[in-house]
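Each in structure tokens, the structures are laid out below.
Paired with chain B in one complex and with chain C in the other, chain A is shared by the two complexes that follow.
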Partner chain A sequence: MVDLTAAPEILRTADGRPLKSALALAQRKAKWRAFFLVLPLLAFVVLTFIVPILKMLERSVNHDGFSSNAPTMVAWFNDHPAGADIPEDAYAALVTDLKQMQKDRTAGAAGTRINYTVPGTISVFKSAAREAEKLQPPYKDALIASNKMWGDPLVWVAMRNASSAYTSDFYMVSADLKRDANNSLVRVEDNQRIYVYLFLKTFVLSIVITVACLLLAFPIAHLLAVLPMAKSNLLMILVLLPFWTSLLVRTSSWIAILQEQGIINDLMVWIGAFSEDGRIRMIYNQTGTIIVMTHILLPFMVLPLYSVMRVIPPSYARAARSLGATSWTTFRRIYLPQTLPGIAAGSLLVFILAVGYYITPALVGGADGQLISNLISFHMNKANWSMAAALAAILLAAVLLLYWLYDRLIGIDRLKLG
Partner chain B sequence: MALPVYASPLERVWYYTFRILCALIFLFLVAPILIVIPLSFNIEPYFSFTHKMLTLDPSGYSLRWYDTLLTLGVNAPDDAVRDSTWWAMVWEQATWVKAAKNSLWIGMWATILATVLGTTAALGLSRPEMPYRRLIMALLISPMIVPIIIIGTGLFFFYSSACISPDNWLGWLLSPFLSAKGCLANSHLGIILAHATLGIPFVIITVTATLSGFDQSLIRASASLGANPRTTFFKVIMPLILPGVISGALFAFVTSFDEVVAVLFIAGPEQQTIPRQMWNGIREAISPAILAVATILVIVSIAMLVTVELLRRRSERLRGVTPH
Partner chain C sequence: MVATSPNDAFVAFEHVQKSYDGVSLVVKDLNLSIGKGEFLTMLGPSGSGKTTCLMMLAGFETATHGRIMLDGTNINEVPPHKRGIGMVFQNYALFPHMTVGENLSFPLEVRGMGKSEREAKVKRALDMVQMYSFINRRPAQLSGGQQQRIALARALVFDPSLVLMDEPLGALDKQLREHMQFEIKHLHESLGITVVYVTHDQGEALTMSDRVAVFNDGRIQQLATPSDLYERPDNSFVAQFIGENNKLPGVIESIGDGKCTVRLETGEVIDATPVNVSEKGAKTLVSIRPERVEYKPEAMPANAHTIDAEVMEFIYMGDMFRTRLRVAGSDEFVIKSRNTLGQRMLAAGEKIKIGWAPQDARALDPM
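Our next item is the complex of A and B:
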């Protein structure tokens, strides 16, 4: 008879260790082995990708142009809470700093920082620094006499906010906001709202391009999915060829096709549809951006659609037809719902890529076909680094949100290339 | 998709309309790529077909733009004898030749880095025990998703501060790879690292795809037959995943070879590459010489595409995945 009260014998490995702990150890080891294989790449990506992006994010909240060059003012702002009236000793501190700026030639740097929030202040700083040595007390009257802006409470609000190197001002400017005299946020004048408009335009153009890609990709993905393998493989090459061809090649050939003396216009004039003077401009404007980006992003829509459509069994559609559905009903109620995962994957991917596109709008966008990326590049070229970084950070947040959505809905491990 | 016998007349019309529609979309996809080829032989400095070209008059065609690729930037008279000294000058001085050399050099090292690191990581990521698999995968793929302008901006800030003085021993050791000031900015190494990062997602995707059908029991079989992990890797795993590795490497190379934005942000005048030269050409004086380069690049991309396609089929055959 078995003694049920005795402790159950622990299963052990050959060398006498409990099986449970031996298994746990083996699994832990396997985990570490897998992790060590990934580790070198992880370290590499952190160094060449994560660290640069963190640097950029830091730039977007840091600008020491004013705070490092105006120490007396920084001290004054720290000692005095924000008040309505600016007393004489604040102006005296300002003049002390302006004199030093003139010696160090840093008035431009300090003025640049204030200029982001109160446009037109660079020259005010520079000329005040030049005259600082000649100014006589009382400084308040002397400075206001030299330039009315020194009496403007907005300039003082801006200087107070710039007295710390860390600031959210660049995000504020990116949202087309400014501070009024009471340090509360208000929207800038209508004619100066450029950033929100450009973000919206980028968003709308990306949707237009995504829809255009979907409309063009759907028929050919369907054709590829239903053709016999040998034929569809051949046609697939036509989809993959643009994928493998240099972006700059594709962009320059579109210039050849769409420009005023280009192939389409020549053809239209030749068949008599356009007169010689009636040539239309299809490039270096928004139309150019949309056409060329649709062409460039089309393969990213075709491939996910194709991989979903290929596995849709044709028997469902046949069953629907045999039960009396018209071909339109069959398409709408049977086929289309089954392609939704492909539509979602392709549309999200194309939209993500379109939102951050830079090269094509820069080359064929002209004046009105520019996207937010082009504005980032513009600020980089003007050395407005913090401004560029703030805009890039906002774009990054949007893209990461979409990426997260993509991962949740589709899963990045299902991303395929060709 | 043959037309069924019971199709109504309307369906017949739609069937052929659909085919024509698809043909037009395929034309939209491919025509802009193929059109550069005849245009690059234009004798006139225009971006469009001349009357002579359309009537197939041989005098409308020439190789002058291909010649420009060799002579631009070469300090020799136009009618110089094309002997070996002339070719040596072309090799050393021609703007496009220098750009091609830079592009190939950068592309080669970026590909090697991305392929070695990416393949190793993909092996780890395909193991079922891998912790935080999804998160790490998302991170490693993100250089493909994050807009290049953001990466370029970040690299600009990072590289201009990533300097090391040649006086200290590490700086001395690294100085041949860095710029004159000892920075990653304006150096070949800086671009190679950036391009490798951009190529890594492609290697990860292709190699994990190859590994997804990989039969893990083959590793156990090999181990039970007495092979050590190294032998198993080179004799069992490597031959099976090689097609994926090579296509990943080709993707990484093409990414680097076509990349212009990061180069614009972090490269100095010494790092002139083909895309950067084309970029300048398109923005400033647009000359058919660009179309000549474009034609060469199209031929290269067709060759790459065919290679990858053949590799993919080989891989499917090896892994026993039936083509659909």
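Our next item is the complex of A and C:
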């Protein structure tokens, strides 16, 4: 009878060492060698990819422009809970800090931080700092007399929130929200809502581009998969040709084709489809962004589709036909489902690239063809690092969410990118 | 059962030619009649045109010339999905994204059959191959043999009267292949369907078929029952392609009365039956099956010519002995003898005399 409660006997090597540790020892050298082989790449990725992304994420929740330059105010906000009335000693603390800011020339930095949530405050801070030495108590009346914004509870809510370097204000602004006098979140005025609209537009345009790429790439990929090798290689070169051409060259040739005095309009006028006054504008607007980005991202859809279609044996279609299915039923029920991993991979790739695309909308998008990345770039040019970082982080989160959804629905191990 | 004229044939190829490139013919003037309920095998080396014929019958290739008739109607212009022919593919072609049940239900769905009728038919077809318990599995979860059964059931589930099989057992191991051969044969007998079966495995062809069409170079070399094919090959190609075969080249010495003698290149004279040689002095290739060669003098037919042989190699194979001999200057002459009680074992270097009945040696074309 076997005693099942006894601990299982440890397997040992001939000289009595436990088998597991002997195996680990034998494989240690190979493991170290493998690790050293990937070490340069690992270091490169950490330094140039992971560290900057973490840094960016940190900036999106951290801005010490006010908190580091207004220590007296920070102390006062810490000692006094939020209330409706701002007492005189708060204004006294503010004047102390403004005097220091004038010495250190940091009024601009502090004002910039407040300016994110209450527009127009930079100049208020700068001028108040200049006049701080001349102000006489009571400071409350003196400051409000110099600029009535100092009496605005919104400014005080903003300063209280900025008294900690860590803040969710940039995400709040990205969602077109602001704080009212009671420190609760409300939507900004209609004419100031830009971020949510632009996020939505970016996603909608990216979906349109993805669908356009899919519709164009599916027949090409199928043709590539069924043609004999020699012909499909030639076609593949044509597909890949855009990859080997400079992005600027491609974009400017689209400008030549699509502009109002461009090739398509000339042709349409020549055959009489449009009148001379009826030339349509297909560039420097949304249409231009869609057309040019579809062209640029097409190979990213063709390649995954092709790699999936190539390995679908033609006998499946033949089997379906012999079983009585028409060619349309065969396509719909047999061929299409088997290309799904390719469709999903290609769509995911094109969508993610489109969502973050910057240069093409900047060149051909005009006013209404701009995407969220163009706004991120705008904030970066203005040195609004935290704002740019918050928008970028939202974009990153959306892409990761999409990736997670893909994994749940299709499985990341089925991703075939060529 | 065996159709003799194209008129009462269930399937008929009439002067069918097929070319892919417009330069060479893959199928050259094919005429073949298949009777209702027959099991006909197209056998031949790769590139002989047998698969092309099957694909033309299924409708995946069009005949360049000639007619293909199915049950009295010309089907040249009928698309494959309207032919109602069941087909089993070499790699099974089970739809990987569907379960076994969905695979079988597919041909019934496209025919617009109701759900309850579909379920009954799927169950019946799966029971037929003893696979009903696998109805919810995916093809990838099945072994090769199980996939083969499902493919078979799918080709039969919509009750086709003609089923085509394109090397369906090629991917199975030997034991399973032999088992499936019998299973397919029994299904054919119990269902009364017509089967056209393509293979390059001659053992498979002989085991399963009512008739075998041996293809080579785009033509049918011989169309006959398995026993005729093995014992009475019409030409040297068939003799060599089917079973093991000893070849002795020579010249007709005398001919007449259904018998002939052949003088070999080394001078010996042997007995043979003329098949496709007609005149004295013609070159010929005499074909003798290894198991029909006799070396014990007491078992030799009366008046048989004998010929000297030297044992080169003796291989003990269990149920059989296989002996390689030097005969008429060649080392490749093989004889097989059964391991019966008291059977004489030969030893390498031994010198013996061999002979055979004249009807077992067939004087064929010299190739």
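As a working rule, the second predicted complex is superposed on the first by the 376 of 418 C-alpha atoms of A that agree within 3 Å, B and C clash if a C-alpha of one lies under 4 Å from a C-alpha of the other, contacts with A are read in each partner's own complex, and residues count from 1 in each chain.
Just so we're on the same page, a residue touches a chain if its C-beta (ideal position, glycine included) is under 8 Å from a C-beta of that chain, and two chains touch if they have at least 3 such contacts.
Source: prediction; values computed, not measured.
Legend: residue contacts after superposition of the two complexes on their common chain; A:259 is shown touching chain B, with no touch to chain C. When the two structures are aligned on the shared chain, A:56 is found in touch with chain B, with no touch to chain C. Taking chain A as the reference, the larger set of touched residues comes from B, when chain B and chain C are compared.
Contacts of A:378 after superposition on the shared chain: neither chain B nor chain C is touched.
Once the two complexes are laid over each other on the shared chain, residue contacts for A:36 go to chain B alone; chain C is not touched. In the superposition on chain A, no contact is made by A:171 with either chain B or chain C. Contacts of A:334 after superposition: chain C is touched, whereas chain B is not reached. Within the superposed three-chain model, A:203 lies out of touch with both chain B and chain C [touch as defined at top].
Touch criterion met: A:325 reaches chain C, while chain B stays clear of it. Overlap of the chain B and chain C interfaces on chain A comprises residues 327.
Partner chain C is touched in their complex by these residues of chain A: 313, 315-316, 318-327, 329, 333-334, 337-338. Per the touch definition, chain A reaches chain B in the complex via residues 27, 30-31, 33-38, 40-42, 44-45, 47-56, 59, 216, 219-220, 223, 226-227, 229, 233, 235, 237-257, 259, 261-263, 266, 295, 298-299, 310-311, 327, 352-353, 355-359, 363, 373, 376-377, 380, 385, 388-389, 392, 395-396, 399-400, 403, 407, 412-413, 415-418. Interface of chain C with chain A (complex): residues 58-60, 79-87, 89-91, 93-97, 106-107, 110-111, 154-155, 158, 164. Residues of chain B that touch chain A in their complex: 1, 11, 14, 18-19, 21-22, 25-26, 28-33, 35-36, 39, 46-49, 113, 117-118, 120-121, 123-125, 127, 129-131, 134, 136-143, 145-151, 153-159, 161, 193-194, 196-197, 200, 202, 205-206, 208-209, 247, 251, 254, 257-258, 260-261, 265, 275, 278-279, 282-283, 286, 290-291, 293-294, 297-298, 301-302, 304-305, 308-309, 312, 323-324.
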